[in-house]
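In the two complexes below, chain A is the common chain; its partner is chain B in one and chain C in the other.
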Partner chain A sequence: MTVSAVPSEASSASAAPRGGEVRRSVLRRVAPYLQAGPLALTLLVFLLIPILTIVAVSFWDYDSIRIYPDFVLTNYEELLTSPVTWKTYLNTVKFAALTWVITLLIGFTVAYFLAFHVQSTTWQMVLFLVCTIPFWTSNIIRMISWIPFLGRNGLLNSGLISAGLIDQPLEFLLFSDFAVVLAFVHLYALFMVVPIFNSMMRIDRALVEAARDGGASAAQVVWNVILPLAKPGIAIGSIFVVTLVMGDFITVRLMSGGQSASIGLMIANEISLLQYPAAAANAVVLLAVVLIMVVAMLRIVDIRKEL
Partner chain B sequence: MTGTRRGLSFYLLAAFFGLFVLFLYGPIATITILSFQGPEGGLTFPMNGVSIHWFKNLFEQQAVGDFGGSFRRSIALGLTVMVLTVLFSLLAGFAFRRRFLGSGALFYLAVASLIVPSILVSLGIGLLFNILGIEPTWYGSALGAHLTWTLPFGLLIVFAIFNRFNPAYEEAARDLGATPWQTVRHVVLPILLPSLIGVGLFGFTLSYDEFARTLMTAGSFNTLPLEIYGMTTNVTTPVLYALGTLTTLFSFTVIGLFLAGVMILRRHRLRRTGAAG
Partner chain C sequence: MTETRTGSPLSAGTTTGGTTTGVSRRTLLKGTAAAAGVAIGSGAITGFPTIWAQNIKNVTLRQFGTGVSNLNAVADKVKEDLGFTLQMTALDSDAVAQRAVTQPKSYDIADIEYWICKKVFPAGVMQPMDVSKIKNFDKIVPIFVNGKLTPESAVAQGTAPHTVGFVEGKDSIKFAKSATQWMTLIPTIYNADTLGIRPDLVGRPISSWKDLLDPAFKGKASILNIPSIGIMDAAMVCEAMGEVKYGDKGNMTKEEIDKTLKIMTDAKKAGQFRAFWKTFDESVNLMSSGEVIIQSMWSPAVAAVRAKGIQCVYQPLKEGYRAWGGGLGIAKHLSGLELEAAYEYINWYLSGWVGAYLNRQGYYSAVLDTAKEHMSPDEWAFWMEGQPAKTDILSPEGKVMEKAGAVRDGGSFQDRMGRVACWNAVMDEDRYMVRKWNEFVAA
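Presenting the complex of A and B:
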């Protein structure tokens, strides 16, 4: 592209003084840096430096009033030797695993229906929009909206009682691990649907035809043709869901009613107690865990061609 | 695929899809109905009469804190994030069409921004401002925190557009004697416009609903999600649902406006190209 641009530029600049040409070529070389500058600067100031700050503060000391610059390992020591930390990590990973499996099943099925069973493009777009619109609304409101459904006197309990299935209202519905996972699935299923749908739309329909002509059943087509080709989308969706759940604190706090824990919630609690170095050490470990999980997922599936 | 008869699997999948949509919209529909509870009604069914009591209650200052102020702040912040997201990611999209020193690092930084848990961004910026002795504000530190979430989305969308963008249009413009700026202004931008509206929608709504990244960065004035969160811990009346209904209605309106914008743009363009051809 640059090659084709040179002759026309050269001819138009030939009449101009030499200085203008030099200035223009300098500008062309500098242009990408000027264009990428705002993005780079924003990410530098509000992402990279803050994370380095967290790493630095994780080695600081603190008392009940303030934090001191220092180099101590006590924050990590206290964190990693406490059984509470390990139990909380286990709980968080449990949430992530459950949410991942359920959203994957839902996301794959919904995307498969939209991509391969809805035949008109208009309907495809309309139904896709119907799925994505809730994504643009408030997460907290979407969590609250489960209260009348799951509560002690909620729709589900009263429905089950009037159907004669139970005598007592089920207590585990709201403010429980069940409610937490339900809310996660409700909030994040979309992050699975969209990338899987995107991958599926790129699958050459001739491959499906060929498999069917070769005598493959519908299930075999899904398992041997569509699933392997949808893997990049599954990987992207999985990264989103797993990282969102691993770092969450608000869903766990609201939906478990303070009865369950997650790493994010642990960090949030430490922040509210002004134990910043402890929170920072916790955050560094969380970041390392999340990065390891993401790298592991990228090892299994190459997503570069999706970008 | 066309011409195949709709078998049992189609209807099973359609039923599953229907249940999924019900799962997505059912709860919000429920609280919309419950927000019209009578003055004596509670957080769950049955309805105790029908009224707009709780909506009125919402606008009485003393009842639920500073709802109006936080709403205004969230809108102002959302609009700022929207403009900056469109501008920054479009500019960066142009930059990434060529190789430049550090382009790989910048790309990975942007992707990392999506993966880093929100609470880390919140904590990091909070700590940084604390150490530097700068007071966090919703229009300063929270703005930056929101951009770390919206910019990667914007960038990835712009990448997707440029991947499908045919450079022949630009070359044609150049061959016809257009300056680089004229090429961008009259050829590239009009082609990108519908997708840029999408980037704007991402920017606005993600910021408008963002909670975790605002938590430690908003300073002394709450944005709407922080206000709503505060309410969940100490309000146990349907006024919570009234607020949920209103903000959801607002979100739907914003999405509707964006979609209408894209549709009008497309129709306008079709008519123009139809007239030209």
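Presenting the complex of A and C:
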């Protein structure tokens, strides 16, 4: 991040009276900083300062009603030594991994279909808009609508029973890890579709033709030409999906019936019990974990290459 | 009530505030309050305000609290009877505790539960109320004054309201051992909670808290996931099972917490629970959809399930009830006319109309005599005396809640409130308990 706009600005002010020539060159030098200034300032005020505050609070002490400015490591100690934390992280990573794999498969397939099988641009846009229809409602609504569908006496179970396929309602459908992952996939598949579709649309069709002329089968074209070239889109989609799932709390709570844990839920519980320092410590650790994951993804794929 | 209002210390301020423009609302109110105070001097006033009746219309009191008693009907009636505006915000109990402490200027009146009061009042964000200004103070149900419904009854475990109901002095934040002139919360609403069941699906009579963990209901039970309340239900269950003996369920030792949650965790791992619920509507949906057939529940949630035409019983259990109670407290920053308005509001709250409204919802009001005057004899007999309804019982909104002939689950006021085993509580080992509870939820 470039946050050095302020000193340069000051020097430009003092340099101004020296003459037009100098002023122009100074302006040219300073202009990029001025242009970056508003964003830098926004990030500083709305991102950096809040995060630093969270980091600071994570070292504070607390009791059931108040928090005390202090420097204690108990919040981290309690967090990192508790087996629950590790279990919860494992659980959250499991959700993230499952969701990632499934959304990637769906996202890649849908994007591939849209980009290479649909020939007219109009239809591409129409079908693309169709993908976004579920996003016209709030994601809580989309999530909750699964509950009457999957429930013990829900549509799916009643349907299966009346079709004679099962005798007993399938209990695992709702309030289970299955339900959580299902909702995640439903909610976040589009975040995978969009960037992959975008990457695929930039692939030079001549490359595909050349591969075919060279004797590659359809599968070989997908594997050796399209997949590598769609990697930046896949990486961007993966970042969206993984960070969203890692930070989620409401989906896990509603779809698991409050019986499964996620880090977001853990933080939400701590906040609701006024344990801000503990929540802050948890948030800092989560931030670090997610950043590591994102960095790892960026090391594998250079997303700038194709942007 | 004989109350003497003298001019506030601010009487040096403008006394023509009513016509001044460009003065902030608060200054303006303080000014007029002072004017009113001076005007009345040492005169004694009874009943509703008369002289400042015009000024009080400008007052807006901001009340926040849990959903149960933040009723728009109450705000409307306040406007009608007292003339001032009551703004209500409903939050869940954790958020209420949080906001009460961290944003004390954001409310004028806090509608909180007694266990929340135990957390909040020592933070010094509220002021106690002078009971000599509370007209019906001596008619308040004695549970809130000395902890005993009748002189013979035993004091229940947990954060019993009377233990946090008074402080030692006007500026004290230390809870008094017995009743004093300074009350922290004026009780408004309370009830005895138990398990809700679907009698059509449980298939056998339910008589004990331990039935929640009966393997017969595997995958069909639920418990509420609000640690400070859920732990009490869990304790009722473990005690009924004979697995854990408690010194005080409302103030467990670490060892007791461990044992209790061990039993609950084992049950959870064995698949006993279908879900945990956190909000009123979640509990209603779990029950009415048949996902759950036995669970911790709140009285109006049972009524809401029944209103859908689905059988649901608020089952009295032999070990007794887990009770909760809430009350109105005044924020520390309130003074002058607004403080007077708050007292007017609280006196009005106890004067019967709200009491009847709450009783008709299945809760209990703090002053029974005045509520009785606002209820029909049949309503009173049904809700308070446990007698069969002679006519259809209507909710405050006029919907039929119970058909003629129905009897209230658990019976009369004496039967229900007289059998309270423990009150919702906040423990000394609160922090430890919450951590362990989170482990249970994550297990």
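Heads up, the rule we're going with is that the second predicted complex is superposed on the first by the 261 of 307 C-alpha atoms of A that agree within 3 Å, B and C clash if a C-alpha of one lies under 4 Å from a C-alpha of the other, contacts with A are read in each partner's own complex, and residues count from 1 in each chain.
Please note the rule applied: a contact is a pair of C-beta atoms (placed from the backbone, for glycine too) under 8 Å apart; a residue touches a chain by one contact, two chains touch by 3 or more.
This one's a predicted model, so the numbers in the text were calculated from it and none came from an experiment.
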First, second, both or neither for A:F128, with chain B first and chain C second: neither
Touching partner for A:P148 - first (chain B), second (chain C), both, neither: both
Partner chain(s) touched by A:N269 [first = chain B, second = chain C, both, neither]: second
Touched partner set for A:W136, first chain B, second chain C, both or neither: first
Chain B versus chain C as contact partner of A:E171, first or second or both or neither: second
Touched partner set for A:F108, first chain B, second chain C, both or neither: neither
Which superposed partner A:F59 touches (first chain B, second chain C, both, neither): neither
First, second, both or neither for A:T88, with chain B first and chain C second: second
Chain B and chain C contact sites that coincide on chain A, given as residue numbers: 147-148, 151, 153-154, 271
Residues of chain C defined as touching chain A within the complex: 92, 94-95, 97-98, 101-102, 119-120, 122-123, 219, 222, 225, 227, 268, 273-278, 285-286, 289-291, 426, 430-431, 434-435, 438-439, 441-443
Parts of chain A lying in touch with chain C, wherever the complex brings them together: 63-66, 78, 82, 84, 87-88, 91, 147-148, 151-154, 171, 174-175, 253, 256-261, 266, 269-275
Chain B partner contacts - residues on chain A that touch it in the complex: 1-2, 4-5, 8, 31-33, 35-40, 42-51, 53-54, 57, 106, 109-110, 112-114, 116-117, 119, 127, 129-131, 133-134, 136-142, 144-149, 151, 153-155, 158, 186, 189, 205, 208-209, 218, 239-240, 243, 246-250, 254, 264, 267-268, 271, 276, 279-280, 283, 286-287, 290-291, 294, 307
Touch list for chain B against partner chain A, complex: 1-2, 9-10, 13-14, 16-17, 20-21, 23-28, 30-31, 34, 43-45, 84, 87-89, 91-92, 94-96, 98, 100-103, 106, 109-110, 112-121, 123-128, 130-131, 141, 144-145, 147-148, 151, 155-156, 159, 167, 171, 174-175, 201, 205, 208-209, 211-212, 215-216, 224-225, 228-229, 232, 240-241, 243-244, 247-248, 251-252, 254-255, 259
